[in-house]
Structures are given as C-alpha cells and as structure tokens.
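Order of writing sets the labels: A, B, C, D, E, F and G. Residues in every chain begin at 1.
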Amino acid sequence: MSRKIKVVPRYGSNIKDKLYLPAIYQGMKVTFKHLMANVADSNAIETLEYPEEQPSDITQRYRGLHRLTHREDESIACVACFMCATACPARCIFIEAVEREDGRDEKMPKRFAIDTLECVFCGYCVEACPCDAIRMDTGIFSLIGSSREDFVLEKEQLLAHKGAFGEEKSCARK
Amino acid sequence: MTTGAIVVAIISFVLGALLALMMIPILVWLERRGAGLVQDRLGPNRTNIFGFRLGGVVQSFADVVKLVLKEEYYPSHISKHRWLFMLVPSITFVAALLAFMVIPFADNVVIGGESLRIQPLPVDFGVLWFMAIGAIGVVGIMLGGWLSHNKYALMGSTRAGSMMIGYELPLGLAIVSFIITYNTIDFNAMVAWQSGTVLGFLPAWGILVQPLGAIILIVALFAETNRNPFSVSEGESEIVAGYMTEYTAMKFAIYFMGEYVAMNTASAVIITMVFGGYQLPWVGTVDLVTHFNAFALAIMAVLPIGILFFIRWMQKNNSLRPSVRSDGSREYEAKVFTYVLIAMTLIVEAILIYLILSPEAFLSRTIAVTLLQIAIFVFKLMLFNLFFILVRWTLPRFRYDQVQHLGWYYLLPLSLLNLFVTAIIVVGVG
Amino acid sequence: MSQIEIVIDEKKYAAQEGLLLIDLLIREGLKVPYFCYHEALGADGNCRMCMVEIEGQKRPQIACDTNIKEGMIVRTKGQMIESVRRRILELELINHPVDCAICDQAGECKLQDFYMDYGLYDSKIDQAEKVHHKKHIDLGSNVMLDQERCVLCARCTRFTSDITKTHELGIVGRGDHARVTTMPGKKLDNPYAMNVVDLCPVGALTSKDFRFAQRVWFLTSTPSVCHGCAKGCNIFIDHNKEKYKDERIYRFRPRPNADVNGYFICDAGRLSYKELQENRQLEMLIDGMVSKEDEAVACYHKLVADGGKIVILADANLYTEELEAIQKYAHILGAQLCAPLESYRDESFGDDWLKSSQRAANAKGVEKLGIAQILSTDPVALLINFNHPDGSKIKAQKSIHLQTHQMEGKADLVLPLAPFSESSGTLVNEDGIEQFCPKAIWRNEPLMSAIEWIDLLQGGER
Amino acid sequence: MVPEPFFALATLLFSLGIIGIVSRRNLFVVYMSIELMLSSVNLVLVIFSRLRGDMDGSVIALLLIGVIAAEAALFLAIIIHLVRISRSVDSDAFDELKQAKESR
Amino acid sequence: MSFVFSEENLAKIEALKLRYPSPAALSLPCLWMAQYQDGHISLEAIEVIGELIGTPPMEIYRVATFYTMFHLEPIGKYHFQLCKTLSCALCGKAEVLEHLIQRLGIRPGESSDDGKFALSQVECLGSCGTAPVMQMNDLYYENLTPEKIDAILESLEGEHR
Amino acid sequence: MLENSIFLILAIFLIGGGLTMVWSRETIISAFGFFVAMLAMAGVFALLGNSFLFLAQIMVSVGAVVVLSMMVITAINLKEENLPDEPNKLRWIFFTALIVTPFSLLMYRTLVSVHQNFAHTSEGYGSLKVLGEALFKDWVLSFEVISVLLLAAMVGAVVIARKELSDGA
Amino acid sequence: MRECRIVSQKFDIYQSHKLDIAKEHGAYSSLKDAFALSPHEIVEIIKLSGLRGKGGGGAPAGAKWALMPQDGAQTSYLAVNCDESEPGTFKDRQIISKDPHLLLEGIIITCYAIRSHSAYIYIRGEYSQFAKILQEAIDEAYGAGILGADVMGLGYGVDVTIHRGAGAYICGEKSAMLESLEGKRGHPRLKPKRPEPEWYFGNPTLVNNVETITTVPYIIKHGANGYRAYGTEQSPGTLLFAISGHINKPGVYEAEFGTPMMEYINRYGGGIRGGKKLKAVIPGGASTAVLTAAEAECAILDYEHMRTIGSALGTGGMIVMDEDTDMVEALKNLLEFYHHESCGQCTPCREGTGWSDTLLGRVLDGKGSNEDIDKILELAKTMDGQTICVFAPAVAIVIRAFIGKFRDEFEARVNR
C-alpha cells in the first residue's frame, strides 16, 4: 500500500506561485480550450442526451430505486425489524409490523412504504438490513408521478421491482 | 433643449435601461451555457417557444416567469421588519442599475451644432457617480443579511461589508490614478483620451497606459461585484448562501438580478476606463466619420462572410447527435434563423450601400457611426461579461482571510504606489 | 446496621453493613451486568453475570450474593473480570436464537446491552447445533413466551411464586433443556401477570399487546401516574410521534416508587392507555354540529347569559390544579360545584395490593379541596360538566360538556378536553401522597386542559 | 431660490439630532444623531454658499464631510471597544468614573 | 380420567407426613407412588399430589420434570434402561445395546408398539463393578452379555404368556 | 414648481429618516433611517446645484459612514438582548422635543436674519472647477489640516479597536 | 498391605442384612458405649479420630459435627447421603445391601451426638431393590425396638426414614440433596460465606455419606486411636475403594489410606483385563482428574498425595482403562454424562456442559478443529469456580485432565 501514496508537492513558496498570475493563466487556458472546442462542435460533448439516450453504464453499486427481496419460496424476506427505518437519515421508511402466519418467521411487515420524495438514496437502509431484504440494485434512477402520493412506494410495488443484476432471492434467511 | 437633444436623451436612456435589464437573462443564459461548455456539458438547451430555443436563452425567460410566479414566502422568524426585508434587495439592484446609467455607449453626436451625449444620464462626473452610487449597493446586502435573522446571512453580510470597505480603497486609488492620467472625471472624455495611440503604434487604452492600475481596477471590481473568486459573502460551501439564505422568489430574484447588473456595470466601467470604451483601436470617431465609405465597404465585405460562417456553425451545432432520434424542430429552427440572418445581412448591406452612395447624408453617417460604436460597445461588453463568467468557472473561491489579505496587503499598497508613480510621471512629463 | 466504608474501583463509598453489594453498585450507578437479580425479587445467583473481584478472594464473586463488610475492596473493572463476564455472556448466548431483528425486546434487552459492553466476540456455533425450544407460546394474560430466548434467570417464576403467589410459571426440565412454562393446559392468569414482561431481562416474555407495535428505541418515556384507580401507581408513558402522524401512546410501564407501587402495576392499569386513545372527543360540537372555536365561545356566552341555576360537575380524575381552577370558576359564575365520588366506586376491581376500589385517580384531591360530593337531582338551568361520567343524570335544560372521550347523551355544547396525558398537574392518591405528572403527549393540534378552557371562556386568549 | 424652507429643514434636523443625543441611550443612535447634526450644519453652509454665490461655504462643507468621516472612524472604534468590554451599547453602562452610590 | 391414590398409598402418605417437618417434602415419595400406581405420572396425579401436600401443582410439575426417572408420558411395561456411562461403555455396552435394539426392534428412547417394551440409555446406574449393567424397571441385570439378554427376554415373554 | 415638489419629497425623506433613526429601538433600523436621511441630504445638495458635494455626501456619508456603522453592528452581532433597556424612551423624546423647540425657533430666526443681513456678491457657484480652485487656493491649509485629522483619526481608530494580543485573539 | 475390615466386616457373611445375623456378629454393640458418653464427647472422639468424609470431598467429619448446635434449642436432623451417582463408585450400595444395620447403628450414634431425633437416608432412585433391603432392615430394627421412640431402652428416640431420589446426579451434592429432601428440584443452594451447618426446612442438619456414618460405630468401639491405627497421619482409617473398567476383578474392596494404587489394582483388582497395558486410571469417581499410566504407577491412595499429583481421591471409585481405550470417546462419554446431569440452574454449567459436549461431538465426527479443542479448554476455564456448586468445576477438571494429558489423541482426531 505504501507505494501507492502519491506525494503532492506543496505550491506557493516561490514568487511565481505567489503571483498567482501564471496559475490563473493556466487555468484560463484550460477553460478556454474546452470552451472553444465545445463551441466549435457541441455534438462532440459526451453528455447524454438524456430522455432520448438512456444510460447504459449503471453499475451494481449504483443506488437506484429500492426493492424488497423474496426468499426461496417467493415469500417476503423482510421481517419488519425496523433497522432500515432506524438507520434512515431522512426517516422516509414507514413500516407497520404484523404477526407472520406462514410459520417461516414470526414477524413481517403489514405495510412497508418508502417515501421516495424524502429519500436521500444514501443506501443506509441496505447496509442496515440484517436479512438482505431491501436492496437498491434495481437500476431504476427516475421515478415519475403526478402527485405526491405516487412517490410513496408501497410494499407491493417494492416487491414487484426486479433486481437489475440477477441474484433475485434473498440469501440471508431461508 | 432642441427636439434632437430630447430624442437623443430618451433614446440613450432607453438604450441604457435595455442594456442593463435585457442583459440579465442573457447573462444568466451565458453563465449557464458557458459553464456547461467549459465543463463539457451542454447547458440549457431544451426550453423552447414553438420550437424556438435561441440556443437556450428561452430558459432564462422561463426562469423569470418562475421566479415571478413563485409563492412569496417569509421565514416565520422574520416577523418584525418584513417590509424592510422585502425592500432591501431593491437597494442593491437600483444602485447597480443607476451606476450603469453614466456609461457612454457612443461618442457625442453633434446634431444641429449641439454636442449630445449618448449616455443615459448625461453628466460630466461619471466616475464619481459610479463610485458614489456603486457603494450604496452593499447597504442592501448588509441590511438584508441582518434582517434575515440567520447566522449565515449575518456572516454573509459582514463579509460583504468588510470586503466592500477593503476593496473600495484600492478601487478608489486606482480610479484616481486614471483620473490623473486622463485628466478628467468624465467617462466620455476618458474614452476620447483612449482613442489616440501611445508609442506610435499601440492604442492608448488604459490597460496599456496604466497596466498596474488597470489590473487593480479589474480585481477590485471583481471583488465589488461579489463575483468569483471573491464571492465569499454568499460562499455556498461555508455559509449556505450568505445574505441570500432566507430570500425566496422575487425578493431573491432582485438580489440575483442586482448581481448581474452589477457585473454588467463593472464590465462597462472596465471597458470604458481601460479598454477604450466604444472605440475601435486606432480608429477615432472622427476617422470613422471622415473615412466612412471605406469602413462601410469593409463591413459590407466582412459581414456576409461572417454570417455565412455563423450560419454553417449554427446548422451544425443546432442539432442533436445522429445517434439520437430528433423530432426535427431543431433543424427547422436553424432553417428559419438562416433565412432571418440572410435577410438581416441583406438589409444592412442595402443601408450601407445607400449611405455610401449618398454623400450628403452627414447626419445619417453620424448616426450610422454611432450605431457602429454602440455595437462595438455591446460587443466589448459581452466579451467582458464572458470573461467574468469564465473566471468564475475557472478559479476556485478564495478563502475569506485570503480575500482580506489580498485587498489590504497587496492591492492597497500597490494602488498607492501606482498613484504615486502616476502623479510623478504626470507632473514630470507635463 | 452500622454505616461502613468500602472501596469500589479505588473510590470510597459509604453504605450500610450487610447490604448486598449489587444494591450498592446499582445505587451508585456503577456498571454491573446482571440478569437474575431484581430489587423486588432478591438474589437468585443463577446468571453468574454480576461477577466482581473482591480482594482476598481467590475467585471472582457474584455481587448479588455478597454482603458488604467493613474494609472490603471491590473491583468491577479490569481485564480479568471483564473476560469472566464475557465468557459467561458467551454461554448465555450459546442457545439463544439471536433473532433480535424480530424481537420486541431489542433495544431494551440486557443481552444486547451486555454484548455491546462485554461480549463482542464472534459466534462459534450455528443455529443447527443449538438447543431448540418452542417459540411464540401464548401464555395468556397478554404475555407471549419464547423459550429459546430465555436465559433462565427465573425472575418471572419468582414473581409468580413469591409476589403474586399464584405459581403459574415454572422452570421445568433440566440442564440446557430447562425452560420456562406453565402447567400444560394452564394459562398465566392473574391481574398482575404482565409485570413478568418488564421483569424479563431478555425477549423471552413479551407483551402481546405491545407485540410488534413499535421498536422501543423510537419511544420516548415520560414519567406519569396511572389514572386507573386511586392507588396512583407510578408509570412511564412510552409514546412516539411518527412522521406525519399524531403522537401516540404505545404502552404504560411501571415506574419504581417504593412509597406507592414498588416495581409493579396491575394489568388493568397497564392497558388503560388504550381507552385513553379510543373514542376521543376532538371537535367542538354545537348541537351536535362541528364548529369553530369562536363560535363555541360565543355559544358558551349565550348559554351562560341565559341565566338560571348553574351546576358544575367536575371529574375526580382531573388534576388538583384543574379542580382548583374549576372551584374558582364556579365561584365566579355563582354555580354549584359537585364531584360525586360514589360514581367511580367499583368494588369488584379492588384488591389488597395495587388495585383500589375507588377508581377516581384524584378522589383524595377532591376531598381535600372540599368539593361537594352529592349529585344534585333538582332540575337546573345549565349544567357544565367537566368530563364527569354521571353528567347525564342531572336534569338540566341546557348543558355544556367538556369531555375527553365521546359520551352518550346530548349536550348543547361539547368542548374537547385534554386527557391527563396531554396536560400536567398534581394528583393526590388514596394514601395522601401528592404526585406530579408532566405533560407527555403533544398533539399536532393540542387540546386544551380545563384550566385553559376556563381561561378562554372567561375571555382570555388561547 | 427661497432659502427659508431649507433653513427650516436644517433647523429641524439639528433639533432631531439633539433629541436623539439627549433622549436615547443606544450609543449607535447617539453617534448617528451627531452625524445628523453635522449634516444639517453642512446644509446650512451649502445654502449660504448658494446664496452668496461663491464656493467658500461649499468648501467648508466639504471639509466638514472629511471631519464626519474621521469622526465616524473614531466613534465606531470606541463603540467596538466598549462593546468588547461590557457586551452592551447602553451609554448608561459606562459610568465607572461616576461617584459610587451607597447601594452600588 | 381422574387420578385417585389407592387407600394403601394414602395411608403410607399419612404415615410419612409424621416423619417430615413439612408435608411439602413428600412430593418425591408421592410421585413415586403415583408412578407405581399408574405406570406414569399424569397431570391429574400432579394436581392430586399438590392438593394432598399443600404445594402448588406447578411446583410438583417442576419437580417431576427435574428427575429423569419420572415418566410424564405412558411408557412400555418393561422399561430397559441400559447404563451408558464410562465403566459400562468400557466393558462392552455397545454390543449389548446393539443386541437389544435388534431383539426389541426399537431404538433407545422409544417404546414398542404394543406398549410392552421401552428402551432407553441412562447415565450411571452405580453398579460399575458389574458392568455392563441394565435396569429393567426396578431390577438390576448385571454383567450383561447378548446371551444374558436373550435369557432375560425369554423369561419376560414367558411370564407374559 | 418641480424644484419645490422635489424639495418636499426630499424633506419628507430627510425628516422621516431622522425620526426613524431617533425613534427605532433596533439599531439596524436606526441605521437604515440614517441611510435614508443621508441619501436625501445628498439629494438636497444636488437640488442646491452642488453636484460635487452631492457625490461627496453619498460617497462619504453613505458609502463610508453608513456602511461602516452597519458593518460594526453586524460584526459585533448586536442582539435584541444587548440593546439598552429604555422604558421611558417616548417620554424622554417628548420632553426633549419640548425643551428643544424654542431653541430651534431661535435658531431658525437667527438663520433667516443672517441671510437677510449679508450681501449677495460674486457669481460662479456650482461648478466643480470653481470648487477645486477655492479648495486648493483659499482653503488649502484647512484641506491639509483635515487630511492630517483624517490620518490621526485612522491611527486612533486602529489603536482603539485593535484587540489586545493577550486576549488570545 | 494388610487386610482391614472396618466397614466391610460383615460383607462376606450370608444374609448379613438380617437383624439376627447382624446381631450375631456384633451389630448395635457400640450403642451402649456411645450412650455412656455425652454427645459432646462423641464429637470430640470423632474429631480426634480424624475421620474424613467419605463422599468424595474428604473434609474432616468431626469439624462438621461440631458445627451442629449443641444447645438443642432447634430441632436438628441427620441426612445420610446415599445418592451414589458418581460413575465408578458403587460402595454405598454394598453397605446398604450387605450391612444395613451397621449403617443404622452409625445413624443412631450420630443422631445422639448431634441431638437429632430424625434421620433421613437419601437413596438414589435407581437403587430401589437395595432401598427395599434397607427398608426391611429398618422395619426389623423398629420391630426390635432399636429404632423408634426409645432406642434399646436407652432413653433416646431416633426415627429413620428412607427418601428415594429419582435419578438426579446433582442430588449427591449436599445442598441439592436437602432441596430434594424438602420436596423440591435438586438445585444446589448458594454457599454460605462462613462455615455453618446445612439447613433443612430452616433447621440445622448434618449431611454425611453412608460410609462415614457407617465408620462411626467402629470408632466408638475402638476409640479414636483404634481408628487411627489404620491409614496415614493425615488420612487415618480405611476407605471402600471400588474398581471397575478394564480390570479382571472389578468390585469394592476396603483398604487403608496410603495403599499404593498399583498394588491395589494388582492385588484386589487382579490386574488389567486380558493382560493388556494400563493406559489411564480415573482415581476416584468420574469427577477426578484422570491419571496416565506413569502417574498411576507412583500414585498412593490418600487424599494428600492424590492432590499433589493434581488429582483427587474422591470417592475412591477407580476406573481403569487399558491401552485400547480411545480417550476422546471416553471424554465424550463423560461429557455426555455431565451434559445430561447438569441441573441447569446457573449459566456456566447449564450451557457450558452442553456446548463442550457439542464441540467434542464435532471433534469426534471429524468436523472439529484445534480451535474447538481450545474452545473446550476455555469453557473449562469458564465453568471453573464461577458456579454455585462444584459440579461445573468438576467438569472443568475432567476436561483439563483429559485434554491436557492426551492432547495428541484429540489432535489426531481433528486431523484425521
């Protein structure tokens, strides 16, 4: 590891650095270079023409829209432990727990809703989940709705989301 | 006063108001588009009216509509002096606007033996006016920051105040040295002084005559307008948005516009004082008028070529990438603009031909020269505004202590030195 | 017993000779882990967690079985003692299912706390190797049992055998197959049964009523006094305000107070928070129609201006301060004030421990203030009833009801009254002990207490 | 030009300044009142300069503006110093040289 | 089905009550009697015992579950309890166990379908000198060999017949 | 006519600003009143045809004095609770006004009589050039004295307001 | 090594449990001598004799007796511990089945000495057929007026009651036994901080092993010095040593303290079965540390010496293991025993026995690792000295001895 440390020289000790002007000149040069090149041919800019062009390079670590995972038997993996709601800095996860009747566990969420308008997509909920029940690997980065209520994703919607990178089933609890 | 004088006064006033106010949306657009292009992005380019995007300028108008229609919102803790809270942004705005009003856009026109100033406020103490009125702007910022009852706003206003005090001195001293050099406090006379040459071949622009003074002037004006790299009074990274933190909607917009007007004013002052104002280098107003035909021919030759290049550039760039499916509106817009540009070029050519062919039309020529000078002024203004913008997207923001350090430790002594040297030279040379 | 000095962790402490060391440690706030010890139940010595080092003793000793002696030098910290605690804790968790995620105790669980304090080792056992018992057994009386989570501290069984003497719970089996249970076919059935939930240091016994309702770390505890009867048991109101919602009470917990209730409360009192939140009167009603505050005040003034004999009924559950205010108010109006206590008596409710047959929380306060207790039967012109349950028994031409909950019967003006959890004041319990209850619940749209209503109705500002 | 309204205005401003100095205890207000009085004097000077038609009055006014600036610098420095001492801008708070009363 | 102590046992209990400072001490003797009377200890028996000696039934139940020799469920008539502790294990318990399993057709811890036999492995029977050893109900069979097992089973079957 | 109305407006602003300044409890509002008054005063100078004084007034009184005061107010962060407690402010103002009124009348009379008693002599008022000449010819000593005064004030201000190094600043 | 028959004098006599036959051989002959002495004197004699408790601990019996209140203000009791469940030990069974009257004689003297009128014999549940023999002997004694309100007309009443346990090893622990005797679960009690008698329903109670009590008549008859004639200075007298396992003649043989172990094994036990080599000996019931063959060679059977070699004499029940024995399985067998028998009251024992069993099971199944072995040792550390009774420390001793002395075998299991 030690070899990877890059020592950055300290600037600002000699007169040239103190004058700032050469540095400003260099900076302006870069600025102008980009400006001129882009003015000359704005289509060469690699910015995505977003609605027409869709991003194709979303990685597994990209924090997209949330989803709730399933167990092997297609039942919900979440046990309503509230860890995500506790970890959530935006307090946008709303859970109501209820007794689980199928004998796989004791507890499950009756309601599990995420207010995506409040969500800051920090991924703490994913980190906090002891059951691997919530993930942000859907690759969905835009959510459109016509009212505030549309952005509150309920349990059924979250369960319906598919992971964008395979590995559908939750592995933590059987 | 003659009718001509009144007409000229009204026209120049309207022109000043237009230049100051219409520049705001354009500058906002320029800022965003410029930032985008500098940063390899596109910037605003989608908003349109019937498919006309004007390269994204329409976005600015949409912004204006948005800001005007936004809900007037007051933080609940601002209960006592709400009227003042609402009022103070306009102090900043009006001060900047008034300061702009003494800038000459063209040389005096002589109509009916009367020399008329093409200056919204036809006064002969433009520099002093600018200094006096320009200093008022900060009062609005400080009051606004205080009345916000917010620690960030307070810090922002304190910073604005102390920075204004810190940079007003070098600015004043630099201006004084220019006053000594030009021997006048009239902007118009200053521009006239700069139409000559120094050392025989260089245009006698302030930047060449008084390079140190010019740099101090430019730096101090950057600081006065709170533009990057001196934007410590709103420094988002430390104090949220400084004095504007609690301002919303139109109240915010007035501050915002005030900033752009101030920038525009600063650009105009810099141009007028050190970049020859509305003058073309080497070519004085008299030269223009006397050798009008030659210039007209030159313009007639250059303009179509320039327009042709522009049209080609526009057609190329006013389109989406081939990989993206387009609805054709951009191509349509380019086509329309092509026709408009060609038509305009033709009109200009026709007018020039008429002017060349009718030797008696002295007045028309004078007006044409004035228009040319206005065009040159606007062109320079835009260039300098662009410079302001590019500086913002190039340089990082100074730390607050660095700003103060620069002002007091470097600029003030340097400006004093400059004043001293200037005085010696002026007195010595005569 | 004489006062002596002992040294704990190189600091001197004064204590009575013969006091249990663990009592001293708890009193002085020194960190000592324990499961089986409880102030109300005494030492059992089975959890072996409260190990301390005592100078002169070769091995660490349990603090709950050590009496303080003069000159004792005790250490509760240090590597040795912490390693002992850690190793024993590891054993406590060997057969524990570690299902904190679904355990209601999580957050107030001793196992979790001690794991964070002393444990922090990696688990070396997997679920398959653990001894499995039954999970979620309904013990009755709102108590759920999970035998796997149990650490066999025997607090619950000692509670039923020593305190309630009902002997429902017991540890059966031997070795690591030992487990808490009731007799087959029998249920936990006594009016104090839910105290075992508080007693249980882990998640083995949980309340069915509170089950999965809320995680405890979201709850805020406010000290208060139970209004179930005149006993005045000290409680904690555990409440939480969820985002966008009104604040809600999730449970009552007993608050130790040696003078009143010791460590426990009865189940009826514990569950009384439900009634507190149901059927609430939240709107102002004029002739049954929802109305605004200024209309209600105007209506009040009209009703009072009509004249005639006014009777004010005051609820004996109101705080003393409120009763005083009502007394003054009655004096100003020239009205007859009464607060019949007989209406609250319920002989079937009381017992000789923590339940009193007088079910009005501030009955003693009413007596102290000298408020008349006779229910007038003469017809009157106007009745102003401050939440008294027998308001409808008075024959009145017009009536104003200030009530916390929706009631039967018609009234010309109904004003919502803040219940005890939403206002603050003093209660006098049946033994004459005055106890202050702070305001616990802050609604989004606060209701007014009797004092505030009286202020407003007399022309004050809200 | 009719000078009386100007005189009245100057007098009024001067009086206002006196009122401010006497009746207020806020050091800032006191200071600004002083400035106001100086300005009103300026006004009178300018009026007379105008009436006389020469620039002497104006020059004095100009010099007076310089005095105002000097005064501002000093006064504000003193205020800063006082505030730093006692965290107050109450002129009554700075009575340390006053003969002490028994109760103090 | 309710449980009643036989007259004889009741008399015994009354006699024993005199011997102990408190009747509570009688829980073990009473449980033994109940087990001998019924073959196992039913919950009713526990209730009856509790009433008899003035102890809460729960306490009796706890006692009954603590001691391994009390059977709360019905168990085979002939209960083979093979010692599995060290001495017996050293002296050939495994062989005997194999043989028993084979002969009875049940695993340790099970009862045969006809309710006649039950087999279990128990911890030290305190007869290590004569290992391997087995207890059949109250009787000890010592120095076991597969042949001896055969003999025992035959005699039992004969008795049964 | 136009001049009169302008004078009226300016006078209203002047008096209003002054009153606000004297009246307001909050220092920053006082400062705002002062700002308005100073601007209006500059306007009056302009009305009197003295353009340089107009600019100098704005530059110094507004650009320097007002800004500096506000700067100090914000820098020491003067809060509501630091303001002096003035329970009898209105009474004080009223009584002072009562006392000052005769003096003001006297002053006004004096000014008017002085005005009537001296002669209107030379012309050449108003232009910057004349002002400059007067300043640097007749009044050059005063000018220099004032500049020395300014310098002294500057040094003094720095000395007074400087934080002691031992304060740990 | 001489023949000594203090307790086992009548063992070889046919039907010695019958009263008349016992009487023929001198049963109850010491009673008169005893009742001639004052209780205090008897206690002094026992103290002098240096009689040590023979239930495994080896504590001086006299000191324990002396703790009993002598003023007679409180009812006191005698509890005879016959809950003989220690693997490898089967001596009490011999006494109650072959010479119950000697036990009863001892009980009467002891009761007299501690001023008790009631004695309980807590006998383990499995010994029902021996309990029956004992009961018959008691009935006979009652019939003959030896027990009851007036013992042999000597003016002192003693009642003896048999109390059957029901299969709980822990009830051999004296406080657990008393709990069981009180009709509760056999949970050991918290130990008092200073020496005091045990309490039975709040009454002072003497708890002694069967063999200890049985020795008493001999001491009364022959005096303290008569008893001290046997054994060593520190450990006077004899002990019923039991021997089992891979031995030719397993059984119970009385020998005096100080006998070399190998001599005992070879002479009484008849040597290792099948002529194999000795591998290990558990010297005194399963709860003592196992000895390797080398240690056994030089081991001498008395309390002090056994302690010096890191083991204990315990109950004297030796288990002999020959060279073919798998020590891992032997330890597993013992851990299963302890796992099964832990009462489950306090944590280290309840969970520690179970988990060490589980871990060793892993090792035995070949799924274990060296870490598991270390973990078992760590568990031993946890169990040692942190519990209410000595059950868990005993497990710790066993684990440490087995793994410490035969670690290579355990590691071979892991690595196989």
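Following the convention adopted for this analysis, contacts are C-beta pairs under 8 Å (C-beta built on N, C-alpha and C of every residue); 3 or more make two chains touch, one makes a residue touch a chain.
In this text the structure is predicted, and so the values were computed from the model without any measurement.
Common neighbours of chain C and chain D under the contact definition above are absent. Path length between chain D and chain G in the chain contact graph, taken as the least number of steps between touching chains: 5. Of all chains, the one whose CA centroid is most distant from that of chain A is G. Inter-chain contacts peak for the pair D-F, counting C-beta pairs in contact. Taking the mean of the C-alpha atoms as each chain's centre, chain B and chain D sit 39 Å apart. Taking each chain's centre as the mean of its C-alpha atoms, chain A lies 63 Å from chain D. Centre to centre, using the average C-alpha position, chain A and chain C are separated by 43 Å. Separating the CA-averaged centres of chain C and chain F is a span of 69 Å. For chain E, residues touching at least two other chains, in rising order: 59, 62, 66, 68. Residue positions of chain D with contacts to 2 or more other chains are absent. Multi-chain contact residues of chain A (touching two or more other chains): none found. Inter-chain contacts occur between A-B, A-C, B-F, C-E, C-G, D-F, E-G.
Within the complex formed with chain A, the chain C residues making contact are 99-102, 106, 135-136, 211-213, 215, 217-218, 242-243. Residues of chain F touching chain D in their complex: 7, 11, 14-15, 18-19, 21-22, 27, 30-31, 34, 37-38, 41, 44-45, 48-50, 52-53, 56-57, 60-61, 64-65, 68-69, 72-73, 75-76, 78, 82-86, 89, 92-93, 95-97, 100-101, 103-104, 107-108, 111-112, 114-115, 118, 120-125, 130-131, 133-135, 138-139, 142-143, 146-147, 149-150, 152-154, 156-161, 163.
Chain D makes touch with chain F in their complex at residues 3-20, 22-26, 28-29, 31-33, 35-36, 39, 42-44, 46-56, 58-63, 65-74, 76-81, 83-84, 87-93. Touching chain G in their complex are the following residues of chain C: 43, 45-49, 51, 58-60, 65-67, 84, 87-88, 90-92, 94-95, 124-125, 129, 131, 151-152, 171, 173-178. Across the complex, chain A meets chain B through its residues 24, 27-28, 30-32, 34-35, 38-43, 45-47, 49, 52-53.
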